[in-house]
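Here it is, the structure, as structure tokens.
Each chain gets a letter, A, B, C and D, in the order it is written, and its residues are counted from 1.
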Amino acid sequence: MKIPVGILGATGSVGQQFVNLLRNHPWFEVKALAASERSAGKQYKDAVNWILNDPIPEHLSQLTVSDCIPDLPCKVVFSGLDASVAGEIETNFARAGYLVISNSRNHRYDPDVPLLIPEVNPDHLGLLHQQKYGSGGIVTNPNCSVVGLALALKPLYDRFGIEALHVVTLQALSGAGYPGVSSLDILDNVIPLVAGEELKVQTEPNKILGTFSTGKIEPAQIKISAQCNRVAVKDGHLECVSVKLLQPAPESEIIETWQNFRSVPQELELPMAPANPIYYFTEVNYPQPRRHRNLDKGMAVSIGRLQPCPVLDYKFVLLSHNTIRGAAGAAILNAELMLKQGYLAN
Amino acid sequence: MKIPVGILGATGSVGQQFVNLLRNHPWFEVKALAASERSAGKQYKDAVNWILNDPIPEHLSQLTVSDCIPDLPCKVVFSGLDASVAGEIETNFARAGYLVISNSRNHRYDPDVPLLIPEVNPDHLGLLHQQKYGSGGIVTNPNCSVVGLALALKPLYDRFGIEALHVVTLQALSGAGYPGVSSLDILDNVIPLVAGEELKVQTEPNKILGTFSTGKIEPAQIKISAQCNRVAVKDGHLECVSVKLLQPAPESEIIETWQNFRSVPQELELPMAPANPIYYFTEVNYPQPRRHRNLDKGMAVSIGRLQPCPVLDYKFVLLSHNTIRGAAGAAILNAELMLKQGYLAN
Amino acid sequence: MKIPVGILGATGSVGQQFVNLLRNHPWFEVKALAASERSAGKQYKDAVNWILNDPIPEHLSQLTVSDCIPDLPCKVVFSGLDASVAGEIETNFARAGYLVISNSRNHRYDPDVPLLIPEVNPDHLGLLHQQKYGSGGIVTNPNCSVVGLALALKPLYDRFGIEALHVVTLQALSGAGYPGVSSLDILDNVIPLVAGEELKVQTEPNKILGTFSTGKIEPAQIKISAQCNRVAVKDGHLECVSVKLLQPAPESEIIETWQNFRSVPQELELPMAPANPIYYFTEVNYPQPRRHRNLDKGMAVSIGRLQPCPVLDYKFVLLSHNTIRGAAGAAILNAELMLKQGYLAN
Amino acid sequence: MKIPVGILGATGSVGQQFVNLLRNHPWFEVKALAASERSAGKQYKDAVNWILNDPIPEHLSQLTVSDCIPDLPCKVVFSGLDASVAGEIETNFARAGYLVISNSRNHRYDPDVPLLIPEVNPDHLGLLHQQKYGSGGIVTNPNCSVVGLALALKPLYDRFGIEALHVVTLQALSGAGYPGVSSLDILDNVIPLVAGEELKVQTEPNKILGTFSTGKIEPAQIKISAQCNRVAVKDGHLECVSVKLLQPAPESEIIETWQNFRSVPQELELPMAPANPIYYFTEVNYPQPRRHRNLDKGMAVSIGRLQPCPVLDYKFVLLSHNTIRGAAGAAILNAELMLKQGYLAN
């Protein structure tokens, strides 16, 4: 007996990824596809401008799209809603007793909403008890540039402490949704701006790495500077990172710390969890977006080029798949953790 | 009466740019094209695999290619030689009394060789008097990623002082020469390595910004960290820079300092000099390689996105044309300065 | 004393090209910029999302945008209007006594409207006398894929006759306007459809190559088949063409016919006219979009790879700049011809 | 008990695909990797510049590379040798009793060598009895642009007959091997030449569609014209095809003929065989390389846009994966057919 779930914003680019990744999920079954008024009432295949390479799952293509109002035949909804409407709709669903597992940014900074990465801060789920939504609730995953970064930082933070962080991102086109970036703007070009992104990268890691106790999050105190660029890559955000640690750390120990990193999703063998959250490459020109973005179902973070940094302490390069580990896959892993920890029980 | 000049390595990608940019130069006239044994003896058009969009200058296409030995009909040579051979050949020419204006890296770090940017350190030309080449000599220009960076730093360094610097580059394909980067390696991809580049970026600015007195260079003491990436852009290196200044500086003053920056090449009205060495853009998504690389004949540096940096003091984005300002155009501007300052006199 | 002109649809991508190409025109001076209600009343620089690399001409950037109604301070207007509105607005202007030189498709097939290429069918301007617009009138230029094709066919048609024609196009992104093609649709991809284009390519050449006599056009009778593709190229449409001629023709004679082709714009030395309408390349891998699209101000057609065709008679490859020779530049050349032939006289 | 096989040219780009696709083959097991002198004696992982996204199969990475001489521990070899050496080496192996299943072009036109596509001309395997290699033999697969084309033509040829054929290809970069096409040649560009390709496309289909009887192939008599272009796509050759049929055919019947096409590999359920050799898409902008190249393990041909052709009879667009269906996958399917038909028996 699978748990019935719904998808809010099912026709958008994140919504399509939910549809795609939940295709044969062992625990969840998509029973409702909700979208804007314009789409509601149509069959999904007629409402959606399907942009993924895999075809629409057969059994969903003829499902009638619902309105985004809380009378869907399920208690759990994944939200890929656009930020312009997500705030209110998600609140409505939570109040009506739904568990909303959201990829949207609107509630990420609410003090009682977990900004969850199951390998990093599974205990933050405890925040759900602080919410005023009765049996409902809202859980969010971080921005697509932050998930991979927070995963790479977590074992270093725990072992050595982190004082400061400098990140330059080279972000993929799919992060901008569809149609997103015009081909005329990116062919033979780089755009040195991803609107709103730098602030998110400078803010979210401290909440994620924060300490949960007595019902609230005490954020970490890392100084973070981010510069975000858009490059001509379909999927996979590459990030050039420099860190200043609180304790001395030999290079080999950092690599070992990454390679040995396992956490709750690996112990629980969550279906969406990667076998290893972090792969360290010794090849001098790795990781690369096209080669490594799909590593371990697109859920692993690839790291390489660890070197001493003459300004901070160490620098390295990381890569993660922005629409899987950084969006729909992240939310699904959140739901899997919630199920295993009893938050989705009937 | 123009000054006759020769080009060493005339069939390579930098050599072709020399040929192209010197096409109608008011002061210099190309009289000799020298290349490897394989090419020597052939007409230039038959020896070269011409890769530029402009055609080969008519009067040079049938010139017979010479060997790279110092019996060319000129006293000044531009060198675009490959680093595997440039060291020895350039020394040979200098010893034979030629002034060698080189884009190769081999002699850049020789203590008696100027690493010259006419707007930044024109006085370093004084080093020529230290060389043991008699009437000959060697002058070099910096690495393609360093020229634009050093130009952006110079006015800040003079006014506020610089303590530390963090740079992430997004470098164009033409920097790797021809055939250079395989299309299979860069389509839908980024390569987080430009071999040997990070060390150059971490080293050269301190020599360039150094003080020349009593016959030698006292290097600057900026701590520099660089991470270099190759992206799918034809020309134009974009750099994400963070700086820590020695003195407090309001944002507006930094911009003003850049906008007001003029130097010797502008005063002397050197033909290759840009009207303004630095353009500051207020558009939030500028500068961009395809839009701004050709600004002011490809000789200006474009800067934008100045913001406070939570880790160092300020961050910004800069762009310069890697094969013009960063290679052949840089060397030609060096030659123009040398002419005006009496170093090319007969 | 320059002739004052206006631009209809001045904020669109074709409109911007009119603004750009008329920047320093010796005969015309832009005095009015008209666009939709949304833009009217604003300064041009605030109304336009300027996408070209050259900056907005200084003196036009602060011009107030007008509505597209016929009370502009000029008698000649260039139209880059979107096809959804061009039909009616252009008719209104013509009726009000304006000469409308249009790049839009709406009136191209009107029997009394010239589909003009000055090198090919300058006599078709005689159609203007058939129009019912009083002192006003409408002249159009062909679709961006057809201009280069018709230029390549014209000398063959006159000398050997053409029975049939097979064309496959590889069209540039700028042909779709801005934002046009999503980067997610074209990176590492080809789209084998340019909506509506095949019909235009199969239709327009016969009108253009038709005979004008007794006040109407007798179309040519070439059988034409077209397949149109969109590729990841910024500017420049490449076309693979096969032709069946009516008379036998040796290869050398075809090339000679192209190379010797000159016409009225060359005789009249129209400012926008290329010195040679057609360049034939003997290099086996030419022409190429990035290398040859800007040949002769972007107004020349590049041809190469003439070979016998085992199915029809000959095959070859042609290239022309879609937004210059195929759009704004084409219309300006039309206007220049009209001026010289007395159609723009006061 | 799997059949041991070797790979000739195992370090090249086709050789790597053999290694990759044979990773878990149910019938074959790679026991020998042979390459040039430069590689022989090294471990495979040290000899190869591995360019595929999947990692090197664990058990092969440490296998010692052999010389390309016929003393390998197997009787069947796949050849991905470069054409400069394939002719002689393959002959040597065949003479020594090996069955050589080759992707190289050298023996394709030998009258006694099958140019085999299992769905199209499985009976041509009978040619093996004409060869003078004793128990050895040579079987080839067609050029990467021809496999998909021949598959699309086969059902039409059998049912309606084909008189003439016009093809324009838009070919992927991987077809040129590694490093192959320089990024500087293809970014923002098309190269209207694939050296040697047009002749192959004009020749091979007639041998493939030919009739085998009394020990030889009577070639088909289709007039074929091809124009071949290289575009900025990683994998997947797109082809714009026009055909002239011998008998009238309604559009619906052509589509039905394609959709119903099944052949020997499907009946035999060969592991590498696609379920349907041909997929017809009704979407007006399909097929597309990035979306459809991997259809059915990269072994299916995608077709779309069937329309009447004003010059010949019909036109359409087809796509097939050039390095799977058009190279290594094709050869493996050939081997599977040979095994089932008793040609690989011990």
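The rule we apply is simple: contacts are C-beta pairs under 8 Å (C-beta built on N, C-alpha and C of every residue); 3 or more make two chains touch, one makes a residue touch a chain.
None of the values given here were measured: they were computed from a predicted structure.
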item: From the options A-B, A-D or B-D, the pair that copies A-C, where over half of the contact pairs coincide; value: B-D
item: Selected interface, C-D versus B-C, where C-beta contact pairs are more numerous; value: C-D
item: Inter-centroid spacing, subunit D versus subunit C (mean Cα positions, whole Å); value: 42
item: Whole-Å gap separating subunit B and subunit D, where each centre is the average of the chain's CA atoms; value: 48
item: Rounded Å distance, subunit B centre to subunit C centre (Cα mean); value: 41
item: Multi-chain contact sites of subunit C, meaning residues that touch two or more partners; value: 187-188, 232-234, 290-291
item: Contact footprint of subunit A on subunit C as seen in their complex; value: 51, 173-174, 178-188, 232-234
item: Residues of subunit C defined as touching subunit D within the complex; value: 164-166, 168, 170, 187-193, 195, 202, 223-225, 227, 229, 231-234, 238, 240, 242, 244, 284-291, 304-305, 309-312, 315, 317
item: Contacting residues of subunit A [partner subunit D, same complex]; value: 53, 187-188, 290-291, 294
